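Scrolling down, you'll hit the structures one after another.
Each of the next two complexes has chain A plus one other chain: chain B in the first, chain C in the second.
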Partner chain A sequence: MNYEPVIGLEVHVQIKTKSKAFCGCSTEFGAEPNSQVCPVCLGFPGSLPVLNASFLDAAIKVAVALGCQVQEFTKFDRKHYFYPDLPKNYQISQYDLPLALNGFVDIELESGAKRIRVKRVHLEEDAGKLIHADKMSLVDFNRTGMPLLEIVSEPDLYSPQEAYEYLNNLKSILSYLDISDCDMEKGSLRCDANISVRPKGEEKLGIKSELKNLNSFRAVRDSLTYEIERQVGALGVGEKIIQETRLWDDKESKTYSMRSKGEAKDYRYFPDPDLPPFIIKFSKVDEIRKALPELPKEKQVRLMRDFGLSEYDAGILVFSKKDAEYSEDCMRKYPKENKKQVANLLIGPLLSEANNRNCRLVGLDLSAENLLELIDYVDSNKISHLTAKIVLTEMIDTKKKASVIIQEKNLVQISDTSSLNISIEEVIKENDKSVQDFKNGKENALMFLVGQVMKKTKGKANPKILQELLRGRLKDA
Partner chain B sequence: MSCQKLYKFSAHQLREKLNSREIKSEDILLSLSERIRETESKVKAYVRLNGQNLKFSSQTPAKTDGLLNGIPISIKDNICTEGMPTECCSKILQGFNPPYDATVIRKLKEAGALILETKLNMDEFAFGSSTENSFFGVTHNPWNLACVPGGSSGGSAAAVAADEAIAALGSDTGGSIRQPASFCGVVGLKPTYGRVSRYGLIAFASSLDQIGPLTKDVRDCALVMNVISGYDPMDSTSVNMAVPDYTASLGKDIRGMKFAIPKEYFVEGMDPEIKNIFSEALEQIKKLGATYQEVSLPNTKYAVPVYYIVATAEASSNLSRFDGVQYGLRIGDRGQVAGDRGQSAENRLIDMYNKTRGEGFGEEAKRRIILGTFSLSHGYYDAYYLRALKVRTLIKNDFDAVFKDFDAILAPVSPTAAFKIGEKASDPLKMYLSDIYTISANLAGIPAISVPGGFTKGKLPVGLQILAKPFAEEVIFQVASAYEQATPWYNEEPKL
Partner chain C sequence: MQITKDTVKYVAALARIELKEEELARLSGQLEGILNFIDKLKEADVSQVSPTSHILTVNNVLRKDELKTSLKPEKVLNNAPHKEGTSFVVPKVI
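What follows is the complex of A and B.
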């Protein structure tokens, strides 16, 4: 039988406010354990929570950016479970009246665009962190009470790749809003996945498992791939899927059963009597909506319009907000009408440099001015694209300007026909077979010979002139 | 100066003596210490006293204009005091020294009050109406040592009645200030929900709890309210409204005022003596030029069940933090709680929770945690908690309707006077029913006071309850003061 996976994601985003969700403690990452705590976030008897207004504002910002309906009447609930990292043994969260409902995230697939619905967005507080030492467990309460936003998708994702794209697009939107570090390693972005499979054509959802301990987007994709295989395999041999929570083991690339629904906890949700329900005025939502920064989709359209970029190129450039701003800056400062030259350099060599170094474009620390100086060398035919790539790497490594590197290494391209002719003659002599091949109609042979001349000139030959010269010379020969 | 028996005086009288430099604050402390030494072994209003000299919070920069400058105030054991034990009279909070003051304590200190380190006895976590549920043992009613002082603020009421405290703070979730005030013949006010900050009050039922004064007279009650009332940014449920000078309401006549008497309160189980005393009180009110009329609060019959669903649900949640991890009692292994999918470690953790909570909580606390956990459980929530919230709204609406036409409601505080120690201890349901006249005010969030209203033939005090609409404490003080001035009960003293 042919099965189809159905996936829904729950994303937790830590909101970057100065103080915690319900008290005045600092949210700075990496402080000495238990140094950023107070009676409120430690859940001491008698202490009371007070909602941090900037947490709510940031949450509304996210909700609006995801196209959600921000609810006029909302409240906090207590979610109960006993664990030492949860000092009150309940978490302040939102249950039946969340902040916002019915949003969406658009993703791009090979088959085209797809809209993934966002079911709800709600506010909650984070728990602390257990540290398991030798024969004992310690609790760090610094993270306790950190402001979290939970973003729950509808089960609209039908493959691990779709889930991966959804996460990337969601993260992109969040980074534009500048409300979170979105750093999975620091735990400021976390994701749980609900996955079930059903026979193709069937409408009813299958029994789901909830995957936890997903520490990267790759882990989300890999664990889903594993889980689909496991579930389909089980169904194939007539086993029943049970509803359970499964932990992803990144090293072994497997999921393990953590607890089944039979042992599922009853969280005993009820409205938190310490935090009265509150009304969010439409005017406030509207104000936040109006102040929303340009979002990736809008920026993409604008880059296409302003700089004549293709949808694909613009799509790549807008992914990260800072990179998009950098790219835009470069293109704006580029004097020519046609920006393709800049876009190609950004999306091609520069992006691969960034990928090699596991950083963003801005992480390369290359100023727009220096990049444009390099492009000017290419535009004026002083260096080839090939040389430009080499210079680029050097610029990033040494922080030197293009002009300095080109001068030091004497890289200005040879456009002078007489000196190129010398090399051409040498190459023709040394590569008799290729010359014959070309004459016999093998066009490829020309490129080989061009390559040989390039080698001799250490890549400095002007490729256009070289090709012309070589073609003429071979015709004569 | 202690020959003057300063402990007998009210806070406002002592303020006058201090103002005229007739006495010094130390004289009051000495006199109070002496009194406690004399009578505490009979009353047992305080906990952790250990026969030592009384200790007070050091007076933060003495403000000579502070409303309570130099006046010692005694505090119920569930209100946090920085560096002074606060244990809710529960074993599970043994040794808990809060690192912070409750907002009311901060305000008292700022007004120059001296906070007694030894705290007042109470039912564990305020669960009870007799102070018999205290880990430290029962407090005795100063009017009859064989009787309970009421509860849960039994220690507060008994201490004020026995002159072992000049004034005290208690907390009221379902009558825990008014009922002991009635049983002990003192003044006790439950303010409007949101009038006094709950920050630092160890929560029983967050939507019902209010801190309030227990005092020797109405003026002291108004004086303490002037100090502790007001908006607190640390408490999201406190209300941002200006605080009037409550003492300005004292001494005004009540001619022409209209009072309502809820007919549903005169039900089976009400002691005929209580009924008589209440009727006499009404006669007195009439003499003062006011009128009264019977009204209906039709949903009164639901108040007790609604209260015990809402209060226990919130309590079960609020008390989940007492787990042995951070503070108070811990019984069990110190060890790794959860390693790599380690079941045995997980079991050790649960074992620690079970032992700590099993031994730390008393019977009544366990009963209420179980009741509350049940009504919040999946599948029961809608039938119990949600329904109770809806009926709670109906109860509130009943009061709103009455206050459209009346200035205040007059009612008894409790169906009986103080009962014998042990009389109801084994029957929780009977004990719950004794809250019948007080819990509605908590459910509706309205202010209510108990002022001395007479005595039974057995010489036990009985209170008169005055209830008003939200934030109408001024009306309550006006009526209470007029009634107090017209009656002799205030002059009576227990013989100890």
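What follows is the complex of A and C.
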């Protein structure tokens, strides 16, 4: 039987505020354990949580950017469970009246564009951090009460690749909004995945497992691929899938069943009596909507229009906000009308340099001015594209300017006919057979001779001029 | 509503507490009494009352995103039965 997977994702993004969600403790990362806690985030009796206004504003910003309907009335609920990372024994979250509903994220697939629906966006607080030692667990409550947004997709994703694209696009939007570091390593962006399989053509959803411990987008994709195979395999031999939480083991590349938390799903939500509800006026939402920065899709369209880039090229460049700004700066400062030369360099050699170094374009620390100086050398035929690539690597490694490297290594192309003619004469003398071959109509022989002159000039001969000179010289010979 | 021993066991498991057999019997009676008492609310006519999530009429209570001094770790850990450095220590939970 043919099965199809159905995937829904829950993304938690930590909002970048100075203080926590409901108290004045710092949100700074990496402080000494339990040095950023107070009676409120530790849930001491008599303490009173009060919502951080910047947290709410950032949440509305995300909701609007995702095309959600921000709800006029929203409230906080207590989600109860007992675990050492939760000092209050409940988490302040939102249950039946979340901040926002019904948004979407558009993704690009080989088969075309697809709209993934966002079911809801709600505010909540983070739990503490457990560090597991040999025979005990250490508890640090600094993360307790950190402002989190939970973004829940509808089960609209039908392959691990679609899930991967959704996450990348969502992260791109969030990074443009500048409301979070979106750093998975620091835990400011986290993702859980719900996955089930069903026979193709079947409407009803299968029984899902919830995947946790997904520490990268790649881990999300790989764990989903594994889980689809596991579920389809189990169904194939007549086993039943049970609803459970499974942990992804990145080293082993497989998921395993988490020790059953019993009835831990029974969270016994009820409205938090400490937090009065919120009425969000349309005017407030509208004000935030009007102040939204340019989003990736809009920037893509503008780069296409302003700089004549293809949809594909623009799509690559807008992915990261900082890279997009850098690329735009380079193209704006480039004096020529046609920006293709710059775009090609950014998407080609520069992006591969960045990938090799595991960083973004801006991480290469190459100023627009220095990059444009290099391009000018190519444009004026002083160096070839090939040499430009070598110079580029050197620029990134040594932080030297293109002009300095080209001078130091004597890389300027030889366009001067008299000095090229000397090499040409030598090559003609040394390669009598090829000269004859060319005269007998073998076009390939010319390329061989060009190569020989190139060798003599250590690759610095201007290929166009060289070819013209050589052709002319052979006609006369 | 009838509260069986199994229901009490279930609720106890959620609360992470262990109960002895005689406690299960006693508590099931007590819980039943409490719930029956609360059921009295059902007698109230609420057809003209809209649902509420909060007893106060205030809303939109917000604070500025400003830092306040946190507690000193020594103070935070003052009552902890087990600690290591400035972390609480609990039995291994994974």
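Quick note on the criterion: the second predicted complex is superposed on the first by the 411 of 477 C-alpha atoms of A that agree within 3 Å, B and C clash if a C-alpha of one lies under 4 Å from a C-alpha of the other, contacts with A are read in each partner's own complex, and residues count from 1 in each chain.
Keep this in mind: contacts are C-beta pairs under 8 Å (C-beta built on N, C-alpha and C of every residue); 3 or more make two chains touch, one makes a residue touch a chain.
All values derive from a computational prediction rather than experimental measurement.
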{"item": "First, second, both or neither for A:Pro276, with chain B first and chain C second", "value": "both"}
{"item": "First (chain B), second (chain C), both or neither touched by A:Leu56", "value": "second"}
{"item": "Chain B versus chain C as contact partner of A:Met1, first or second or both or neither", "value": "neither"}
{"item": "First (chain B), second (chain C), both or neither touched by A:Arg268", "value": "both"}
{"item": "Which superposed partner A:Arg78 touches (first chain B, second chain C, both, neither)", "value": "first"}
{"item": "Partner chain in contact with A:Val237 - chain B first, chain C second, else both or neither", "value": "neither"}
{"item": "Which of chain B and chain C A:Gly46 touches, first, second, both or neither", "value": "first"}
{"item": "Touching partner for A:Asn34 - first (chain B), second (chain C), both, neither", "value": "second"}
{"item": "If touched residues of chain A are counted for chain B and for chain C, the larger one", "value": "C"}
{"item": "Contacts of A:Ala113 with chain B and chain C, given as first, second, both or neither", "value": "neither"}
{"item": "Doubly contacted residues of chain A, that is, touched by chain B and again by chain C", "value": "39, 42, 50-51, 80, 82, 84, 130, 132-133, 135-137, 139, 266, 268, 273, 275-276"}
{"item": "Chain A residues touching chain C - in the complex, by the definition given at the top", "value": "17-19, 23-26, 32-39, 42, 50-56, 75, 80, 82-84, 97, 130-133, 135-141, 262-264, 266, 268, 271, 273, 275-279"}
{"item": "Of all residues in chain A, those that touch chain B in their complex", "value": "39, 42-51, 78, 80, 82, 84, 87-90, 130, 132-133, 135-137, 139, 247, 256, 258, 266, 268-270, 273-276"}
{"item": "Touch list for chain B against partner chain A, complex", "value": "79-80, 86, 88, 93, 96, 98-100, 102, 198-203, 205-207, 233-237, 313-314, 316-317, 320-323, 325-327, 334-339, 341, 345, 349, 353, 373, 376-378, 381, 385"}
{"item": "Chain C residues within the chain A interface of the complex", "value": "10, 13-16, 53-56, 58-73, 76-77, 82, 84-94"}
